[in-house]
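Let me begin by presenting the structure, written as structure tokens, before commenting on it.
As written, the chain order gives the labels A, B, C and D, with residue 1 at the start of each chain.
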Amino acid sequence: MAPSHKLPVAILGATGAVGQRFITLLANHPWFEIAVLTGSERSIGRRYGDVVHWVLDRAPPAAVADLVVQPTETVADVPVAFSALPTEHAREAETRWATAGVAVCTNASPFRMHEQVPLLVPEVNADHIQLVEQQRSKLGWRGCIVANANCATATLVMPLKPLHQAFGVEKVIVTTLQAISGAGYPGVASLDILDNIIPNIANGGEEHKLETESCKILGSYNGEGIGFAPITLSANVTRVPVIDGHTAVVSVGLKQHASVEAAAEVLREFRGPAVVQGLPTAPPEPLSLRTEQDRPQPRRDRDLYGGMGTTVGRLRPCPLFDLKFVTLSHNTIRGAAGGAILNAELLVAEGIVA
Amino acid sequence: MAPSHKLPVAILGATGAVGQRFITLLANHPWFEIAVLTGSERSIGRRYGDVVHWVLDRAPPAAVADLVVQPTETVADVPVAFSALPTEHAREAETRWATAGVAVCTNASPFRMHEQVPLLVPEVNADHIQLVEQQRSKLGWRGCIVANANCATATLVMPLKPLHQAFGVEKVIVTTLQAISGAGYPGVASLDILDNIIPNIANGGEEHKLETESCKILGSYNGEGIGFAPITLSANVTRVPVIDGHTAVVSVGLKQHASVEAAAEVLREFRGPAVVQGLPTAPPEPLSLRTEQDRPQPRRDRDLYGGMGTTVGRLRPCPLFDLKFVTLSHNTIRGAAGGAILNAELLVAEGIVA
Amino acid sequence: MAPSHKLPVAILGATGAVGQRFITLLANHPWFEIAVLTGSERSIGRRYGDVVHWVLDRAPPAAVADLVVQPTETVADVPVAFSALPTEHAREAETRWATAGVAVCTNASPFRMHEQVPLLVPEVNADHIQLVEQQRSKLGWRGCIVANANCATATLVMPLKPLHQAFGVEKVIVTTLQAISGAGYPGVASLDILDNIIPNIANGGEEHKLETESCKILGSYNGEGIGFAPITLSANVTRVPVIDGHTAVVSVGLKQHASVEAAAEVLREFRGPAVVQGLPTAPPEPLSLRTEQDRPQPRRDRDLYGGMGTTVGRLRPCPLFDLKFVTLSHNTIRGAAGGAILNAELLVAEGIVA
Amino acid sequence: MAPSHKLPVAILGATGAVGQRFITLLANHPWFEIAVLTGSERSIGRRYGDVVHWVLDRAPPAAVADLVVQPTETVADVPVAFSALPTEHAREAETRWATAGVAVCTNASPFRMHEQVPLLVPEVNADHIQLVEQQRSKLGWRGCIVANANCATATLVMPLKPLHQAFGVEKVIVTTLQAISGAGYPGVASLDILDNIIPNIANGGEEHKLETESCKILGSYNGEGIGFAPITLSANVTRVPVIDGHTAVVSVGLKQHASVEAAAEVLREFRGPAVVQGLPTAPPEPLSLRTEQDRPQPRRDRDLYGGMGTTVGRLRPCPLFDLKFVTLSHNTIRGAAGGAILNAELLVAEGIVA
């Protein structure tokens, strides 16, 4: 399933916070090699190490720092591009790269709800990748676009999937406590968040994303498109003074009632499709269920499996619905760059990219 | 309604964090004067200023610092005592003081759900004070015990009250983001909460308190006791890196559906009973409704009306229930010491204490 | 000494963080009344409450929120203007207002080291106000410009003054731990400061300001100008995750050695000039000396005397110089808006503004 | 130099925060294997995983969690023991283990200044290990005790060493900004440190440790003992809201003046003794010099080389002494458990332990 040689990849919008995360995660990737970095006007033609304001730990790898930043407008000759483009530029640029034959694994939001674009969380809905064929026939793209979920959605759908399969999820009320890194850099002003909570996410559409993306991801491919899962969600989002790691507090109403024990077993046994399990970036198990009364915690659980694990805890009955629990994953790895890389690995494993 | 002279009061358990808050709030109180401070074995007979590890701003007032700490076992000759006793000592000590004729306004939890003890949030259920008569006849206390609500409950019931009156609250799912001061001192270890969230409150019973206390407070006095409000609540509590101010994210199901506009009007017009409005510690309005997309915030809204105000925001429809909103108040003022002082003022205003 | 009626004042650059602090502090000022707010292009002609992104607690006072923002270019008919202008606009605008007859009390830095401009910390060098006469004769200004010190300098010079008077300060090594509010809004990105320290202040010139402003402030007026104090300072500045309150760790070398006891006495007895003591914004005592091993602390000591107090602690011998201590004050009150208001009060008290 | 087989080691005081760090760092150590964990009364005879309140990320390795906790009183048959014992128990227990033949690498303070005990930072003073011979002859120990430096001292002496060698360090004024993990668990109360600075370290002796340990570490072995370096230090310590990583702001007076360039070269070229360079836990380079204006930063630089690196930055002239700089390293790795492990590796490499 592994490619015979490392595939050169591009990172679109490489100077931002998510772009930097892509660089860190791809530094020693067994299948991919960073060949092209694109950036904004200001940085084109300059050495990446000289233009980036590096906000992650330490510094970018030397080889990457020496790359000269390219314009996003020019499609490079690479099989895969990772897009960390801002929303306002993503639609046009990604279309251009996909049209020209590149498989674009995007973290941007514009195409997430597009009918022909798979919104992928591989452990949950790897089969949605079949939409790529329709992209090519209907939209005339020689490459493709595959989107990963909103960072908070990614945390939520992971435990919802096995529950939905086993018992049928009908209703979800979710409150998120989201880390500041989700807002990029400079993002949240320290004066707004130190000793404070903001009861919303500044982009304004976060709750809507959670309520709609989840239904698409948990939906099923019916040969022509995605039939959305008939789940009603009510989302409340907050920003908290945590660096990385989104926490979601969830109440779930099920079609068929499940005891805590039955739900725990289903969560523990969830593995996702076999094709995903062996991918380089896939965690050994998609979900880890903790039984302590005070887990998961972002600082202590976000780095599980290199930030690709999802930790669930406090599973208990809900007086109003069926079950309550807390779920957590790393928002800029599992919920952004790492998720997009896992999507690309799936494209390779499935032979869509070669 | 004001007493003709300042009433001497005792503070039981005066060295702890809540005890300190009582001292700060009573420093220039128009009706009450701190006469007695009680403390644990270690501090009895010593100058308060010498034994207290002051954790609030600056230092205790000089006059209070000079008081000699008394044993909690000995009932003082005061009409009112404020109890900041730890749960394990509260039941016995408070009973002794109440039996001996003192009106005990307690922040401790043991008596909150006691059949004859009013669980008071004056703006919400001042009439529950009528239970005091039953305390005296059934339990033989010459004084009385009046409890204030759990700090998170206090934040929640304030907006629930007018909604319940107008539309009938039936279902509530609430997730709290609670400040560290709620755990007292030393309380939450910094290693547990910096850059972190704890998805529970360490005492273990916080969610149960929210689910039960709310029904008692929103219940009605029927001449013999409190008929609990028939509301089903599902509570999720978390600890966040915020000094003061509990935030609660709430979804509410109503008997009679209400639009956001109708609910906003009801919240805005809520004033509470007339007898409460003029009390020295009562806020000018019990609820402040904000319409910004990012309020309430603990650091910016907790000190409203000296920490006695409650701020509600983000009122909007809930896809599953009827309404969603966020409510916030100061947990150690409105939700603890300030609430107990308001209870004492009500006892004076109603002529129960003289 | 008080004016016979409230003087109308302007706030230049009223929408920024320091401008907001001016508004809060002047809300109920006994001598001054906010009459004019100026702002940038974007906000001119609009209601202040509609254009300001309020970052302090709660909201601006209603009367001020209703003022229409004026252009900074047009000098208003007011005796006093408070300048919270950004460095790049301050020089030209403040000159225009001073020339036209307004007493400009500025928090901006351009004029701080100007030969004819007093750099005032009233308790320390109220007599430097005599420079105003030279401003008028040499520069032809009908009004004047009076600057307050850099926020970290203000914290430092307060204890240095009495030590300098008594023993002669010769050498100072100071390390500051500065609050994020000193960077304005949005200022420091939360991703840069949560669980972190930045070993510098972004403007780059902070250490130089500390090393030079201190010598001017502690210098003496010789009838023609300021003779700088012959002190060599070495400053190290850091940014820390604290909202408000700059802490400075100081080692001092003296001309005449002083014991800790002698220094403590001098610090305790420091009162500043009589004319300053009675000003509305002056703290009851300029310095408060604490003897606990763990004070001063920003969160617990910054609000002393409405944020105008300075707290000194940990006074002890220095193995290399003579003495060591820690000093702290509120950076946006004592070190910015409050300091400028105290300067304005001094101008009124001295009859320079009427 | 590597042992022919993995050596079994004991961890004394394994349940505390430093004990946990030993476990994490030894989990996959090429030379050592955890064989024995000791703990307090409460935990003896019980499974480690059941008694430890794990405060680091995730959870202890399964194999270690299954070990049964032993009494510290009973000396185990292991060549090496790592001591994370609290100060009050360390002296007696460590003496017992050393007497019985175990090489005790301790993080505790009691023996640090003992005449026959090397206070080791291997890159700085590996030759002090020769004191072990004297321990054995004078004290009759069959094993030995080797101490690592106080966590703040470790950060400081690393850059001082090459400067001392090249130019002769005479005077040091240092202010530390120390992370909360240095206080262990529960350690610093969150109410004391959120939005706050504490201008001291609670144990009270931290400044003295910095001022004395540095002179011993930078001293030289003269065949009989350590001749202390004739350096006068003045230390100021503070606690800051940072999880891990101690920052020290330093001014240095030299015997022979050095330019910034000369000092930078000396710092860059510092490598430490050859025997240390190849040890498994030794960082590739002891010091990393950064030239950005805002480095080092604890969150971004503490994990360099697995937490064993030291980062120096802001090297510049000091107006009073010769040079100023900022130095940083990970306090519970470089400054505690990792330092002790490096010491043990040196003992093995030098043939003292086999």
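By our rule, a residue touches a chain if its C-beta (ideal position, glycine included) is under 8 Å from a C-beta of that chain, and two chains touch if they have at least 3 such contacts.
Given the structure is predicted, the values throughout are model-derived calculations rather than measurements.
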{"item": "Reference subunit C; chain at largest CA-centroid distance", "value": "A"}
{"item": "Rounded Å distance between subunit A and subunit B, as computed from the means of their C-alpha atoms", "value": "42"}
{"item": "Inter-chain centre distance, subunit A versus subunit C - centres from mean C-alpha coordinates, in Å", "value": "48"}
{"item": "Overlap residues in subunit C, where contacts from two or more other chains coincide", "value": "194-195, 241-243, 299-300"}
{"item": "Graph class of chain-chain contacts, one of line, ring, star, complete, other", "value": "complete"}
{"item": "Contact footprint of subunit B on subunit A as seen in their complex", "value": "171, 173, 175, 177, 194-200, 202, 204, 211, 232-234, 236, 238, 240-243, 247, 249, 251, 293-300, 313-314, 318-321, 324, 326"}
{"item": "Residue ranges of subunit C in contact with subunit A within the complex", "value": "17, 55, 180-181, 185-195, 241-243"}
{"item": "Subunit D-touching residues of subunit A, taken from the complex the two chains share", "value": "56-58, 194-195, 243, 299-301, 303-304"}
